[in-house]
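Read through the structures below before going on.
Each of the two complexes below includes subunit A, the first together with subunit B, the second together with subunit C.
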Partner chain A sequence: MENILSVLVFFPLVAAILGFLVGKKSIRVYGISVATIEFLLTLWLWFAFDNSNGGFQFIEYIPLVSEFGINYYLGVDGISLFIVIMAALMTLVGIIALNVKKDLKNMIITLLFLEVAMIGVFVSLDAIVFYLFWEFSLVPMLYIIGAWGGELRLYAAIKFFLYTFAGSLVMLVGMLYMAYVYHSVSGVWSFAITDWYALVLPLSIQKWLFWAFFLGFAIKVPMFPFHTWLPYAHGQAPTVGSVILAAVLLKMGSYGFVRFSLPMFPDASVAYITPVAIIAIIMIIYTAMVAYAQKDMKQVIAYSSISHMGVIVLGTFAMNAEGISGSIFQMLSHGIVSGALFLLVGVIYDRRHTKLMSEFGGLALVMPKYALIFGIMMMASVGLPLTIGFIGEYLSLAGFFKISPMLTLLAGTSIILGAIYMLSLYKRSFFGPVTNEANAKLPDLDSKELTALVPLVALVVWLGVYPKPVLGPIDNSVKALVTFMHEKAQTSEAKSVIVVSKRTKEAK
Partner chain B sequence: METLVYTALFAPLVGSLFAALFAMSPKRQMTGVVTSILLFVSFFSSAKVLMHVVEHGEVHIKLMDWIVAGDMYIPFGFNVDAVSAVMMTVVTLVSMVVHIYSNGYMEHDRSFNRFFSYLSAFVFSMMVLVMSDNFLGLFIGWEGVGVCSWLLIGFWYHKEDVGRDVNPSISPSWAANEAFIMNRIADLGMLVGIFLIYWNVGSLQYDKVFEVVPGLDHGLLVMIGIFLFIGAMGKSAQFPMHTWLADAMEGPTPVSALIHAATMVTAGVYLVIRANPLYELIPEVSYFIASLGTFVAIFAASMALVNRDLKRIIAYSTLSQLGYMFAAAGLGAYWVALFHLAAHAFFKALLFLGAGNVMHAMHDELDIFKMGGLKKVMKWTYIYMGVASLALCGIWPLAGFYSKDTILEVAFNEHTYIIWFILWLTAGMTAFYSFRLVFIAFWGDERYKKLGFHPHEVQNYVLWGMLPLGILAVVFGWHKESFMEFVTEMLPAYEMSEHTHHMVATLTVATTLIALGGILLAFRLYSVRLRRDEKVEKSKIYKVLSNQYYIPIFYKNTFSEPYAKLSEIAWKEVDMQVVDATVDGIANIIEESGDAARQAQSGNLSDYLRWIAIGAIALAVLALFAALKS
Partner chain C sequence: MLQAVDISMASLNLITLSPMLVIVSGALLIMIIDLLKKDMDKSLFVMLSILVLFVDFGATLSLSINERGFFDLMLIDGISVLSQLLILLASMLFIPLALTQKRFHEYSYPEFFSLFLFMVAGFQFMVASDNLILIFVGLETASLALYTLIAMHNTPGSHEAAIKYFTMGAMAAGFFVMGSAAIYAVSGSVELFDVAKVLQQRMNEAGIVLPIIGGAVLLLVAIGFKVSLMPFHMWTPDVYEGASAPMAGYMSIVPKIAMMVVAVRVIGFYIDLGMESVRYMVIALAIVTMTLANIMALVQLDVKRMLAYSSISHAGFVMAALALDTTKAYSGIFLYYGLFLFTNLGAFAMLWISRHKKNRYHSRFHHPYEKFSGLISTSPMGAVIMAIFMLSLTGVPPFSLFWGKMYIISATVDAGYIWLAIIMALNSAIAAYYYLKLIVYMFLKPPVAGIEAVGVNSSRPLVVIVGIAAFVTTMSVFFMEPMLTYINYMVSVSGY
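On to the complex of A and B.
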């Protein structure tokens, strides 16, 4: 299957359109089948993927607007491969666990459209195609929050849309300017990311472009102080919306740093390590504190997402293979773990129609299975070794330690502060006596919820114990990326900060 | 040999997973029996491995790769040398006894199966901790025992939070969280130590690290030593991170015996012993470790003097003995520290299990003032606890005599007389509070009768199960010489100077005298009846001690409450009022300016004309300026 990437992008699209024709009764089965097939296709992509090759694979190239160098140009490498798989997995899990009574059909079709956008973003190698998918992803999410959300859903949906849209516009300007520079240097138009990689820019231009892209990515991540749309979006979104938002949509921002900022502007990236790291550390510490102050279980998870994304950003700017591989692994880990945590909050919300921790207490007595899975996910979230959460966090911090031990020490407080807000959430909700009558007879997880959650638990443990199948390909591509950045870097500062790992050197 | 090592390591894991299968179903005796048998298998294999190491030297095996990224290469590798083999044997032996004991102790608990699952999981983590051949592998075990400790302290999670005056630990789940979070603070220190090693050595494997260490910059080694020790301070509950250990007594008593006395809390000591090639090079840090250990020894002992809580007294005594171990390790006598660690594991676990019997008999009453005269009804428990206490006090010929006495000799030999004096004094305090407990609980008038308790001895098999610990608490010390020969293959041999050799007899007599003095004092005060002195109990110093020097309150006022307040402010004042309000403010400005601009499109022709005129004038002015400029 040479066109596997196109299949991955267009299969859900076709299925979504055909979904309008499917009857209401069979729509759930239809949605699950489509998402399963898509997920299996992404797995096939993994098996067909050449692990030893750090470059782009399964490349597809069809000229669209040749005069302006805009092409249908797709490919994956170790960096994007697993995010694609995770996007398909979380969509599948989200659909399985779906528990909306209203307009189930529309919801499933919307989710399939969203899947198109998500996969598209991560496989695009053309900036314009990337941008199209990037913006397109806003629409289904806007609809999901706006149509199925809570009381403030319209405010939250519009805030989410306008805020991220504003950021993307600045990014678009950056892209156009990049293409313009490319044109003025080479004489031809091109929006191909790989072409842009080859372009060596003077530091002064890199700096401007860096911030233009940065704003787009930072709002998406979301980085402090652009994060306030997220608590609203999570607060109002239905469970599945939060799952996808936390698991995949936020990763678009952090992926952008790896795909665009680092290889295109290596000198500027190195020059701005300190301000970016300070923002990341504010995210880690400040949002962890805000998370601790929350009364609403879902808001704790929402703020904790921002805190974890801080670690990811920090790892990305470590400029060595340890940190960047760790940060990409952490994207997957955070996707799975926060997705699962949002599903779990959804479970209790379905039963009690509240997410306030003060309403609960003693849930471990009433719902032991629920408490167990929540406990495992919590431990993964606080980064316990042998769960998926440890590896990425450890590598990210270890990588950044090379840049600045002091800042890493500050960022490392995430392992303490994370434990504080998660354990206190767990204590408030699950421990103690059952004080609220309404909780006394809550049913434990049903088979549908278990089907959605148990695979995630398995993944959390499997990739925590044996991350090699995933970490290996990631690391290969990251090493190639770091080597490339090192060669491309012009300033002596960047040359010395970007560390090519010894094994890459020996291999040569 | 590989098979034996893996059996020793994985048997507890298999047991844990097996018990976990029934975690949510009602009690099944089978889970207790199966996990206990698997622990025996693990112990048997550990002992065989120990024999093998004695004869053929260390075993090094690699299971598989774990983290491989950049130049970071971390395998699941296991290295069984003399130190690990001793630790493995001690851990599995005590664990086995505790498993057997728990069959009786947890008999009526509805979460019987879950308990055994956690307990075996703990043993597995502890085995990973002591067997790993690299720092990150150790860290897996390190965090693993932390989680198991969290699960087990909070085992009775359904209990409600109560005020500090009712229960100083507030509630099991509170104590569990405190332990976990405090350990996490220390773990950050340890992680930083690991990062420092990685970026300066390029590997985390013990053999590589210790090979390179002598060539590294001294200042760097000091940093590494300090950060690793911060990790050790958390796990071994050294001041100022000691408060969690006493609160950890909220867990079921077998847990206190295994985790919070015999094994997990000694992990910090193990780390210092393991990293001895590093600490040998940084005497200033080692000296700090010894001083802190000495301080903790007397500090903890002082709190034990006045406490009325059966388990807390033993917990403080554990803390105090950990101080002794650190003192020995800090002074360079690593093998002595390890020897005391092993001896302490046996007699302290025995003491705790005995306390468990008492609690069982007294329906979970912990106040020793409500007991008295128990030796009549609980003869065997009394004998066990008596033997364990004698061992703890360091009375010849029991285990503690050999290990503790050697530590004091080391302190003397190093000419650190202050350390020696404090440790000597602490030995007297130890004897006093240990026998205060024994006499108040087991001798004197039977105060429990008035309170309506009907204590009875525990099941026979539980008493038999405790026998190995009882025997070891007596005989372990007799093997000091062979122990030393064995472990000094790995650890630096510690030689006493000529001068000390001459003094040994005097020192021993001095130590024994103060211990006997302590016992005698306790005998005089408490053997006949509980003698309480109002004046003493109302005195300031008594209050300070019984309130743990007000440190828990201080932590609450200085850290937890301000953190909660600051978090509130960060959320409500900063995030909502500043950050988000700015975003909405910008949006509102755009909206309002749009609103205002909309007025311009009123549809009124004369308005439009006016605007055109204004525009034309503005353009003309601009053109004029441009013309003037050029």
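On to the complex of A and C.
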């Protein structure tokens, strides 16, 4: 199946359109079936993927507007492969656990449209096609937050849309400028990312373009000080919205750094390591502190999300193989763990219609299964060894250690601070006696919730113990990327920073 | 003794006039029918108008490019053909909107349709000449017809709108004439290609720059009035509010395309002369227009007024391309208006579908935001289509205007005005807010109790027009390729 990527992108689209014709009663089954098929297709993609090849695979190329160099150009490598799989998995889990009563049909169709955009972003190799999916992903999310959200849903939805939209328009200008530079060098228009990779730019141009792309990605990640939309979006979004937002949509930004910023502007990226790292560290420490101060469970996880995204950014800008591999692995682990945590908060919200920690206490007595799963996910979030969270965080920080031990030390506080706020959340909600009468008779997880959560628990443990099947292909592509950046870099500073570490060189 | 003037038919090259001849005779035909037979249904006139426009479209398409005719008054170059095609396309989409469910005053007169055709002829003359006097005549023919068409809607608001538009239009016409006079004073000609030749030689003379700049300013003011650039936009929202929705939609497209072509010729001429100050004036006007219009649009209570300000802002956006003076930028203008035409006319047609005879929702406005509250539950299809138009106006891909925006911003970047490109991008982000506001009302707010269905004025022709507009807006990516090729070709053969 050569055109499996197109199938992956357009299958949910067709399914979403056909979904309008499906009866209201059967829509849940329809949604689960479609998402399952899509997930199986992504697994097939993994199966057919050549692990030893670090470059792009399953390439498809159809000219769209050849006058202007826009082509339908798809491909996948080790970096994007697992994010695609995770996007499909989290959509499936989200739909299984879906618990909205109102307009279930609209919700499922919207989720399928969102899946199209999410998969599309990660497999497109043409900047305009990338941008197309990138922007299109805003619309379903706007609807999900706005239609099923909490009290302030309209404000949150609009804020989410405007922030991202403004940032990405600046990024669009950057893309157009990049295409212009490419045109003036080579004489043809092209928006193909692989063509842009080949372009060696002078540092002065790189610096401008770096910031243009940075703004677009930083708002999406979201990096300090553009992070303020995220707590609102999470606070107001329905459970499934938060799951998808945290698990996949935020990754678009960090993926953008790896896919665009680093290989296209290696010198500028090296030159700006310090400011970016400082922003990332502020993000890690500041939001972790804010997370500790929250009263609402969901807000704690929302802020912890931002804090973890900081580690991902830091790992990416380590500019060496460990750091980047680690940050990509951390994207996956954060996707799974934070997705699961949001699902878990959703579970308790469905039962009690409140997320305030003060309302709970002693839940472990009433809901033991729930407490167990929450505990595992919490450990993974903190980054306990043998869980998925440890590997990514460790590699990211180890990668950045080569750049600056001091800053890494500061970033390392994220683990400590993370332990503080997560454990205090756990303590306040799950331990002690049952203080609130309303909690005394809460039912434990039902089969639907278990179906959604148990696979995630299994993944967290499996990949925590044995990450190689995933880390291997990622590492391959990342090494290819870093080697390429090393070749491309012009300044001696960049040459010395961008290195594939010794261990891996010997292995070669 | 006067010499006998010898004019051969060949030198007149009457074929260059054929599109206008077709449409003028069509207009006369409608008047004749009205004289001979009363009480004809409006559908007859609608269909006749479409047929005439269709023949006109064919005649325009068959013109050979880069010809002059009629004592060199007529200039058939690529952009004149292109803009005539756009004008005719918009007119063909506009006319069926007369076939509404409810009866409206203006459509009961056959004169409406013949005036409309005369107006189109006027616009065609405007774009098919580089003689300032013929441009002026075309402009006045079109404008006078347009004032009448607005007034024929026959509500107090429409009378006010027509008078306001008339006064402002008269003033703009005055500026245009004074600008032309200034040009004539320094060059002794009103034909831009002649003027350019004369001025090229006189550029070094002392004191010549002031009258040239003066002429440019006067002409820019006139253009600014017609294209509704800030600060000459004051009439726009009121006139759009007073006019019927399709008429407002039409006004946001066709007169602007026509005037934009004039602007291309006039400003292109100044920039070719090396008057950098004119370029900066245009850029300044463009920036002021898009930014302020966007801010004004944020606070509007009425969707129609919001769309009025939004179309001002779009005009500013396009105006920025005008200052760049590159082939790509000029192509961008036509691409943009070609796409804007469908989206904006579609949006106004949606307002028209929802139009009640009386104001039900607000003491002053026909289309306050509240009217569309919860449209998704009362009329899901309508809400989705309106949302598509709004998203397109916002510039969300894959909808049509994204491509236009992208192309113009790209042209701006290529010309080296990156700061301008960023201003344009940020303006698009500001604009997102007010388009989203309507989407939020339609999708996310509950319907207001006691309001009956919104699609009261709907009829099959209206639905077809909206359908066409929605189709083009959604599927634009698939015909971008031929469209761009054609536009690029037409613009580059004209020498721009």
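Heads up, the rule we're going with is that the second predicted complex is superposed on the first by the 501 of 508 C-alpha atoms of A that agree within 3 Å, B and C clash if a C-alpha of one lies under 4 Å from a C-alpha of the other, contacts with A are read in each partner's own complex, and residues count from 1 in each chain.
Operating definition for what follows: contacts are C-beta pairs under 8 Å (C-beta built on N, C-alpha and C of every residue); 3 or more make two chains touch, one makes a residue touch a chain.
Keep in mind that what you see is a predicted model, and the values were worked out from it rather than measured.
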Considering only the touch criterion stated at the top, classify A:L409 as touching first (subunit B), second (subunit C), both, or neither. first
Look at A:V173 in the shared chain and tell me whether it touches subunit B only, subunit C only, both, or neither; answer first, second, both or neither. second
So, A:N53: does it touch subunit B (first), subunit C (second), both, or neither? neither
Looking at the overlay, what does A:F68 touch: subunit B (first), subunit C (second), both, or neither? second
Quick one: is A:Y143 in contact with subunit B, with subunit C, with both, or with neither? Answer first, second, both or neither. second
Subunit B or subunit C: which reaches more residues on subunit A? B
Return first, second, both or neither, reflecting whether A:Y131 touches subunit B, subunit C, both chains, or no partner chain. second
Once the shared chain is lined up, is A:T194 touching subunit B (first), subunit C (second), both, or neither of them? neither
According to the stated criteria, A:F161 is in contact with first (subunit B), second (subunit C), both, or neither; which is it? second
After superposition on chain A, the subunit A residues reached by both subunit B and subunit C are 162
Footprint of subunit A on subunit C - complex, ascending: 391, 394-398, 402-403, 406-407, 409-410, 413-414, 418, 421-422, 425-426, 428-429, 432-433, 436, 439-440, 443-445, 477, 480-481, 484-485, 488
In the complex of these two chains, what residues of subunit A are touching subunit B? 159, 162-163, 224-225, 227-229, 286, 289-290, 292-294, 320-323, 325-326, 329, 362, 364-365, 368-369, 372, 379, 382, 384-386, 390-391, 394-395, 397-399, 401-402, 405, 408-409, 412-413, 415-416, 419-420, 423-424, 427, 430-433, 465-468, 471-472, 474-475, 478-479, 501-503
Within the complex, subunit C is touched by subunit A residues 63-68, 128, 131-132, 135-136, 138-139, 142-143, 146-147, 153-154, 157-158, 161-162, 165-166, 169-170, 172-173, 176-177, 179-180, 183, 208
In the complex, go through subunit B and note every residue touching subunit A. 23-24, 64-72, 136, 139-140, 143-144, 147, 150, 154, 157-161, 171, 173-174, 177, 180-181, 184-185, 187-188, 191-192, 194-196, 198-199, 202, 563-564, 566-568, 570-572, 574-575, 579-580, 582-583, 587
